[in-house]
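The structures considered in this document are given below.
First chain A sits with chain B, and in the next complex the same chain sits with chain C.
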Partner chain A sequence: MNPNTSLVTEEITLNMGPQHPSTHGVYRAVLTLDGEKVVGVENVIGYLHRGIEKLAEDRTYTQFIPYTDRLDYLAAMLNNLGYVQAVEKLMGIEVPERAEYLRIIMAELSRIASHYVMLASMALDLSGWTAWFIPFRDRERILDLFEMVCGSRLTLSYMRIGGVAADVPPEFVPALKSFLAELPRGLEEFNGLITNNEIFKARCQGVGRIDLETALAYGITGPNLRACGLPFDLRKVKPYGIYDRFDFEVPIRHNGDTYDRFVIRVLEIEQSARIIEQALRDLPEGPVMAKVPRVIKPPQGEVYHQIEGAKGILGFYVVSDGSPKPYRVHIHSPSFVNLGAFPVMAKGGTIQDAVAILASIDIVLGEVDR
Partner chain B sequence: MREGLNGKDWEGLKERFPGVEVTEGIDMVTLWVPVDQLLEVMRVLKEDYGFNFLADLTGVDVPPEEAIILVYHLMSVPSARETRVKVKLPRTEPRAPSLVRLWPAAEVQEREAFDLLGIIFEGHPNLKRILCPDDFQGHPLRKDFTLSKVSDLSQHGGDGSSYPGAEAPVGVQQKGGEVDES
Partner chain C sequence: MLDIISSWGLPLWAVTLIRALVYLLGVLAFVFLNAIYLIYLERKISAYMQQRLGPNRVGPRGIFQSVVDAVKLLCKEDIIPREADKWVFLVAPIVIFIPAIMVYVIIPFGPGMIAADLNIGIFYFLAVASTTTIAILMGGWAGNNKYSLLGAMRTVAQMVSYEIPLVFSILGVVMLAGSLKTSDIVAAQKEIWFILLQPVAFLIYFIAATAEVNRGPFDLVEGEQEIIAGPFTEFTAMRYALFYLSEYTNLLSVSALAVTLFLGGWQGPWLPPWLWFIIKVYIMILLFMWVKWTFPRIRIDHLLQFNWKFLLPLSLVNILGTGIGIKVYQVLITGGW
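== the complex of A and B ==
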């Protein structure tokens, strides 16, 4: 406001969503605006709530796997992995070596695919139309790889309690190798077009900053936390599965702004590719399923298992009463908690900043609403 | 900062808070905390034990014990130690102090626990439904909330007339209804 004029403005309320391209799904932000400035944000979610946790109580442990695909549907393998590892922990099941390596390959491919969508859609939200095509062109190849191993492209249900559903077909490894060989070129193209683009930088740098302390207090995890300067990645600090066998770095950025949250995804794609290369090199022969009982009946007890998902730390809290159906399954979804910090990041910016910030948090409504 | 990885390291906490029980779980140590000491215990865990990160907050309905168990998972960042804190609340009126002042991350998660399980968090700045519609009746994750046909739709915000969605999918029953794993 110009202090020299006596112009009085009135705050208005604007609904962004539930049908709005930049909300990436059915989500509504109630913005309180003073002119173009955002002075208040209220998240309204739940449009996609399907009661997955309630449905789990009526399914067997194995039958619940397809439901996990529908949480973060851009990284289904990671959801599968988190859930089956939780049940395996509860039952003390050892997974065969080959299955462990295949899981790592699939999980990291899922992470790359999810980050590609984030990069593409954030650039698109900032009117970078061309930028949409490069990540999606490359992501398509990952979906083709998934189709080879399990027949599905999005809702994969590839992992099982005790291993994976099937071994990979012979054409999978060469296809994956050729994808990995061409991945850096795609990223280079994308970086030249968007990441190092002056206009894009001007829109993002210094926008929606959050410091490390606030980020931790709000429970932010994953790339969004690492963009604030803390190399906290469960694959490194508390390795699950066989992540301790791989040599990779945890990239960090220091400003905690929208641009850093974007760049960190590019860097993470490179590291995920490194992990896949090593897993492919060491991939042993052997069975892909452990010997598990036909009816999965974990002993009475409870377990909380966390993995590093594409959006942050994904946790599964599974309670068993000794029957073939879980007594309670709780899913700690990173998108849900990260979105809770959106009002803090968006306050004080403009409407167009809010769009950029929301895209940079990278939410998936399937996971937010469950 | 103490380690707090096995039962022995918790003696100090047990001395300060006689009501706290320590049990070993499959994956981590579980602390049972009386509800009136919860806020203070959590503050001590955060400040003295280094559990500075609220990893998860949820609840479990246990009708045979007439209880709702409030479950917190805490983590230390960056060392990634984990611990579980459980609070037993009466099922008829589950009330617990809100942890929003300690961890703003609790805000959305407490709303979720309120919405789905009916736990009331005292001192929460904005305790209202988050996933279910505002006019929804009942708390879906209570065990007595069944996934069967709703006879009186008016209590679920409808006008009382039948609609196809009121029927649960085939094979879905709250009790019984064994599903063959084959």
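== the complex of A and C ==
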């Protein structure tokens, strides 16, 4: 009942159902609406649950690597990296230098590709049709680079326990250099079209604001947390691999709204490009795979390894019982945790805001549901 | 043409009837051919803006794409939801299409080429065009779908709000021409086009017209990423085709009106007048499409705020300025009050 008038109003329950142009995958949000205003949100997930963690118990350690691709399928290299580094920690394997540098290059390329998808999809959710094409056009070049290296574009399975699957072909480095040279121009075009657009800013600034304490209470990590003001990037705070050898900045914003979450990813693309340039410059020669036994049998024990994934902190908890197959693999997925804060961000806004907020959290259902 | 027919020696009512039929067929032919072409043009222009090709398989450069799409839509299954308000559901597509065609009656395609030169010309256009709101509201209600209802509510808010700056921007032109008749307005632009005398009114008209035809940054009625297809969600096959066609018919009519009011109608050197008319209409259409494919969508509360707090006061200021300008001009010309 509207307190201002004697008009009797009702709240309606609307399913932003599993089939919806803007839910970034099969995901349902049950919205309770008062007219256009969102009064309550309930997340319903599980539409893409494939039992990956259970399947892990029936595969050897190396056979599980393709499954990790399918978690955050937009940044497959990062998933691979987290998993193989976890198993290497468990076994105490040291990875050769060339493989480490190649891993950094691939991981950062994957991060850029994932951020491209987020930027394009968010623009599209706000009806910036033309803006969608620019990041995807640039992402095509990254996918071409991946195809050069491992034969596939999306589900890559490039990393192995002890190194990478194969060395890069000779045409890779020139192609990568030309991609890096043109990356700033693509970003400039995109920024001119969308990031600095009056309507886009009006749609995103002040929308879906979350303050730092609430964000920490919900366990949000990654670019979403850095948009609230906390400079927490695992690559700087607890460096893994050889990240401590690189010089890059961690972009921070302080408003915690949709616009900041968007801008941070634009800036992170530039920083990732910096890392790749440095890695290319310092790339040594050598083997790309350590001497590991044919059958990977880690000693009995458990390990939890975290990396800074594209969406936040990606963690792999591997328990081994001495056999060639893991006893338990648990995946701490950032999208699952970040999605938990969606109700509190979306409450009080309109439906259009809810769509923008969901896009800015940047979820991938493969990771949310596993 | 009237003389040719009356020379056949028919009674007056027959002559009038034949004349009306000829004009009706002419307008229908113009509208349908252009609407079909516009669908193709929009797809091609958006494609080239997005660095891709658009339809290029069906016919040379893909020009028969819309025809094939129309055939496809004709062959689709016509679904009426069980809980839909049946009568309203059946009538809504028709109600939206009729005003879309009716407004062409007062558009001058050339000297003397006007179906009915009403002396309330512009007023008739605005009155008939505003009934489109009812049709969209009917469509949104009849589908028995929450998304459609949301779209229908947005329609009413948006279209009713933006009519006012639209009318006021046209008022400036009417003040300059001194008449509501479209042929008078075109004749008054013999020396100078009104876009140069009323640039602010042109901008306001452009924005308000984009909102009225639910295009471009103001397409939240049909906001695909939020409410699927808004009021048109539950309509299939030919009903959906009528809604879709009416969108392009409306686009064509507001462009034609803009040409009549601001760009001098059919006037221009060397080329035949109707060709000038078509060229100018397509320039306007290109502007509309350019804006649509560049900007993201505006939010409903920003939309209404923009209208009531900015566009409406601006249009009132424009009328004030026009009034002062006309009086000053009169004083200068006649040398006295």
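Some points to look at:
Simple rule for what comes next: the second predicted complex is superposed on the first by the 366 of 370 C-alpha atoms of A that agree within 3 Å, B and C clash if a C-alpha of one lies under 4 Å from a C-alpha of the other, contacts with A are read in each partner's own complex, and residues count from 1 in each chain.
Operating definition for what follows: a contact is a pair of C-beta atoms (placed from the backbone, for glycine too) under 8 Å apart; a residue touches a chain by one contact, two chains touch by 3 or more.
The structure presented is a predicted model; accordingly, all values stated were derived computationally and were not measured.
Between chain B and chain C, it is B that contacts the larger number of residues in chain A.
Look at A:F133: by the touch rule set out above, it reaches chain C but stays clear of chain B.
Legend: residue contacts after superposition of the two complexes on their common chain; A:A166 is shown touching neither chain B nor chain C. Contact with chain C, but none with chain B, is seen for A:V355 once the two complexes are overlaid on the shared chain.
When the two complexes are overlaid on their common chain A, residue A:V292 makes contact with neither chain B nor chain C. Once the two complexes are laid over each other on the shared chain, residue contacts for A:T60 go to chain B alone; chain C is not touched. Shared-chain residue A:A175: touches no atom of chain B or chain C. In the three-chain superposition model, chain A touches chain B and chain C at no common residue. Note for the complex: chain A touches chain B at residues 43, 45-46, 49, 51, 53-55, 58-60, 62-63, 89-90, 216-219, 230-232, 234, 237-238, 294-296, 301-306, 313, 315, 317, 319, 324-325, 327-328, 330, 332, 336-337, 339-341, 369-370. The part of chain A that touches chain C in the complex is made up of residues 12, 14, 20-22, 35-36, 123-133, 137, 193-194, 197, 199-200, 202-203, 350-353, 355.
Chain B makes touch with chain A in their complex at residues 25-28, 52-56, 58, 60-61, 71, 73, 75, 77-80, 82, 84, 103-105, 107-109, 112, 116, 129-133, 140-141, 145, 147, 172-174, 177-179, 181-182. The touching residues of chain C, when paired with chain A in their complex, are 46, 49-52, 146-147, 150, 153-154, 217, 219-220, 223-228, 293-302.
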